[in-house]
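Heads up, there are several structures right after this.
Two complexes follow with chain A in common, the first pairing it with chain B and the second with chain C.
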Partner chain A sequence: MTQTINTSGYSAITDSIRNEARRILGDGTVSAVIGYTSSRREGSTQPTVITKSEDADKLLFTAACLNNLVVYLTKAKKDVPHEGRIGIIVKGCDLKALVGLLGESQLKRENLYLIGIPCNGVLGSLFNPSAELNSETIAPKCRECTDRIPAGCDFMPDVETVGLPELNPFYSSEIARLEALTPVERWEYWKEQFSKCIKCYACRQVCPFCFCEQCLCDRNRPQMVEQTPRPSGNLAWHLVRAMHLAGRCAGCAECERVCPMDIPLNLLNRKMAKELKEMYNSEAGFEVREKGPLTSFDEHDDQSFIR
Partner chain B sequence: MNPENKNRFEPKIIAFVCTWCTYAGADLAGTSRMQYPANVRVIKFPCTGRIDPVFIIKAFQQGADGILISGCHPGDCHYIAGNYHARRRFAAFRKLLEFIGVDLNRIQFSWVSAAEGGKWVDVVTDLTERVRNMGPMVEFKELALEEQWSGGLDSPDLQQVYEAI
Partner chain C sequence: MQKQITEANLRLLIDSLILKRQRVIGPRQSGSMVLYEPLSSASDLVLTEQPRRSVKEAFFPVCEDLLEYSKQGQQVELADIEPDRFPETVIFGVRPCDAAAVPVLDSVFSWDYKDHFYLKRREKTTIIGLACNTADDSCFCTAVGLSPDNPKGTDLMLTPLTGGGCLAESHSEKGEAFLITWKDRFSELDGTKPLPLAQPAATPFDLKKIKNWLDNHFEDPVWDSIAVRCVGCGACAFVCPACHCFDIIDEGSEKAGKRRKFWDACGFSKFTNHASGHNPRNLQPKRYRNRIMHKFKYYDDKFGQTLCTGCGRCIRICPVGIDIAGVLEEIEQQDDSVK
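Right after this comes the complex of A and B.
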């Protein structure tokens, strides 16, 4: 049965962020605001950077605002001007990524003006951007979202959003399904998935945590990961990616959204997040973590697997 | 398979070891003239903390049948905490490998100090015999032999398009 999800608060959120953007750009609090604006196709949106208060009316928030804008703050995106304080519109999942970057000293909180969105879920894809948000069209990440109200923002629209109805979780049930398979079946599953990869690296480009100026996977001497889109190199790339994001990934699922071959990338990330939470009780949240689970240690960590 | 051929399989074991403890331990085993299988290829690293999971993937792709990762006991790291970091990293990496369907019996982690030549012999012998009984690691090798992008190149839709040209 398809359940409709209430997005009636989104127009009030739009008005509120426009007013706030006009105010902070007008009084010079920020030099730019990174937000969403309407795109060419009816109902679809795209990221935008506005620097003048009269452009504030271009901003909006709808269920089609999928992008995680935090990626534009990282040093991987050098073409975005980084002068002065930057205002940025964040949903709960985006804020977790931003907080992760704060913890890794990639960003300074005082250089940011956070406009939080009390989000009620977004669409899974922009295939039909005007689609009604319901239990079928909602993004998989939103189905099990527990942090839809961002915390610690400088501004948050004073809009009541009702919250999501109870939806079947996607990632946790999919992980449980795979864990119940035999190793051979799991290998076949991932072989099939990874062999689809065309090595476009969209997952890397869109990830807020992939900010290395030179990626290990682009290096030739020594070449640790094969660069051509062949099955063995694809497997290595996805394992390296999952490992580099383990304990850091905030679950914005942008990698999965942008993947042109529909590889369930966030499944690997969620699996790693789940394991690290179980083992080291550390997960991405709204609190800045000085050290992630894989950059810290405890002398009494489990070592039952070590002889 | 006849038993003669089965016995002919000699596993390739790659050992990633830290130079301060396990390498010295293996050296001690050698100078003490202890016997251990010649299947193991030792690669020396400054510290277990230097061992990137990508090395393990690479080793499997290049034909390793089993992998040993060994370093200093907790608290004995020459760089103070490298092995503690490695312990967490490999605990996580094991879960990832398990999730994609790699048999974890092919990977052994151990702490071998510079004085534990005997333990080195035990660890290497056990791993070699275990991998020998498991047979060659074929998954990664098969993957490496697959030249083509295998994403359904022979699907009916594509075939239809191809024929229409």
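Right after this comes the complex of A and C.
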């Protein structure tokens, strides 16, 4: 049965972030605010960067505000104005990515003004941006979200959102299904998924953690990974991507949402996250971690692989 | 030539083609998506939604081998991969926005260099279009001078009729030959009316006015505000029926390998990266500007056509919600006087 999800707080959140953006742009706290604005199709939104307080009314928050805007703070997106302190609107999942970038010394907290969203879920895709938010249309990541209220922001709208009804988790059940397969069956599954890849790199370009200015997979002198969208190059790309994100991915699931070929990329990310949790009790959160689980050594680490 | 065909006969016709070992491509379910792929029977056809990728890959695949090499000692062997290997193909259910892009691709692939890989496939393919009776809010063919039943690029155009079946009208010698070869499956017109066509909501653009602005505004602050959100992936170009940029690369080892041609996109930062390290399109707005300039100015200057058919795919899949119809609206509203 389809359950409706309450988004009645979103218009009050919109009013509140407009007021705050107007204030911080007006008094010079920030030089720009990165947020969401409406687009041509009914209900659709797109990221925007506003620099004048009179543009604050262009901002909004709705269930169609899917993007993780943190990608616009990375050096891969260095054409977004970065002078002075920047205001940015973050949902809980987005904030976890931002916190990860703070831990990797990619961002400085004092250069940011964080506007947190007490989120009650967003849509799974923008194919139909004016769709009602319900248990069918909600993004898979929201179904098992435990971080819908961001912590440690500079501003949060004083709006109560009621929380989500109990929804069947998507990723944990999919991972359990795949774990129950034999290695051969699992390999067949992923081979089929990767065969769909057309190497548009939308997954890479929206990922806050894919901030390398020279991606290994773009190199041709020497060529590290086959670049053509064929089985070997596709497999190499997706394994490189998954492994580079292990212990870092914060679960915003943007890679999966934007994949035009419906490759379930976040399943790999969640599987990695699960392993990291089990092996190193490490997971993405709202606390800045100085050391990543795979970039540091602790004598309590599992050493059973040394024989 | 105009004929009529019942739905049952259309299916029989497709199955007969397949039985004769003719390659038949059409929109079919492929996992979670509908794609133009080879059919194994008429029942595979899915005509209720637009395929996720365009029909261009029937002539210009995502990736294809151009030649192979092998080396033994000082001896290098080069082998062509014969374009003649391409089979005769019929493509059914091609949407007008996809078919209209084919002549656009023809112009560029038969321009100063004849791309035999493309042209051979074209020569051996018959395109059977299907008019649209539904549109969504991303469709805008009517805004760029086309329509849900425009026959551009088709050999034979099918227009669904009230009460089932289709009107079939040939628009090329190939289409006429097809009607003659399969005349038993077609009948004469009985005056049945076509189903109401789809009505995309977008209002027609003044493409002349847009081009005039583009002619004079290579440098303009509007590009920054439009493209600041672009993250530089190739999704829009790859789902586009008209985008046709590709790269060529040698893959393999010192001993043996292949030269391959594969899709490329002007949104990628490496697209114009020079060997020196200099990149004339060093920032994303410059790359996005190229996308718009190529579609609505450069291509028009060179070939007198627009490199956009209003299929709406890029609008549906853009990771950051860039809406090309919205961008054109914004450009249309600019003051087009020369600064």
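Here, the second predicted complex is superposed on the first by the 304 of 307 C-alpha atoms of A that agree within 3 Å, B and C clash if a C-alpha of one lies under 4 Å from a C-alpha of the other, contacts with A are read in each partner's own complex, and residues count from 1 in each chain.
The criterion applied here is as follows: a contact is a pair of C-beta atoms (placed from the backbone, for glycine too) under 8 Å apart; a residue touches a chain by one contact, two chains touch by 3 or more.
Note that this is a predicted model, so its numbers are computed, not measured.
**Student:** Superpose on chain A as described above, then tell me if chain B and chain C fit or clash.
**Tutor:** Clash.
**Student:** What is the contact status of A:93 with respect to chain B (first) and chain C (second): first, second, both, or neither?
**Tutor:** Once the two structures are laid over each other on A, A:93 reaches no partner at all.
**Student:** Is A:230 touching the first partner chain B, the second partner chain C, both, or neither of them?
**Tutor:** both
**Student:** Give one of first, second, both or neither to describe whether A:273 is in contact with chain B, with chain C, with both, or with none.
**Tutor:** So A:273 meets neither chain B nor chain C here.
**Student:** Looking at the overlay, does A:71 come into contact with chain B only (first), chain C only (second), both, or neither?
**Tutor:** second
**Student:** Where does A:44 make contact in the superposed view: on chain B (first), on chain C (second), on both, or on neither?
**Tutor:** Second partner only, chain C.
**Student:** So, A:196: does it touch chain B (first), chain C (second), both, or neither?
**Tutor:** both
**Student:** Where does A:153 make contact in the superposed view: on chain B (first), on chain C (second), on both, or on neither?
**Tutor:** neither
**Student:** Based on the superposed arrangement, let me know which partner A:32 touches: chain B (first), chain C (second), both, or neither?
**Tutor:** The answer is neither, since A:32 touches no partner chain.
**Student:** In the superposed arrangement, which partner chain does A:254 touch: chain B (first), chain C (second), both, or neither?
**Tutor:** Second partner only.
**Student:** If the two structures are placed on top of each other, which part of chain C overlaps chain B: 25-33, 205-213, 223-231 or 313-321?
**Tutor:** Only 25-33 shows clashing C-alpha atoms.
**Student:** Pick out the shared contact residues on chain A: the ones touching chain B in one complex and chain C in the other.
**Tutor:** The answer is residues 196, 198, 229-230, 261 of chain A.
**Student:** Going by the contact rule set out above, which residues of chain A touch chain C in the complex?
**Tutor:** These residues of chain A touch chain C: 39-42, 44-49, 67, 71-72, 77, 79-80, 126-127, 192, 196, 198-202, 204-206, 218, 220, 223, 226-230, 233, 254, 257-258, 260-262.
**Student:** In the complex formed with chain A, which residues of chain C make contact?
**Tutor:** Listed in rising order, the residues are 31-33, 52-53, 62-63, 137-138, 228-229, 231-235, 237-239, 247, 249, 251, 260, 262-263, 265, 268, 270, 283-285, 315-317, 319-323, 325-326, 329.
**Student:** Tell me, which parts of chain A touch chain B in their complex?
**Tutor:** Residue positions touching the partner: 178-179, 183-191, 195-196, 198, 216, 224-225, 229-232, 235-236, 239-240, 242-243, 246-247, 261, 268, 271-272, 275-276, 279-280, 293-299, 301-303, 305-307.
**Student:** Would you tell me which residues of chain B are touching chain A in their complex?
**Tutor:** Within the complex, chain B touches chain A at residues 52-55, 57-58, 61, 74-75, 81, 84-85, 87-103, 108-111, 123, 139-140, 143-144, 146-151.
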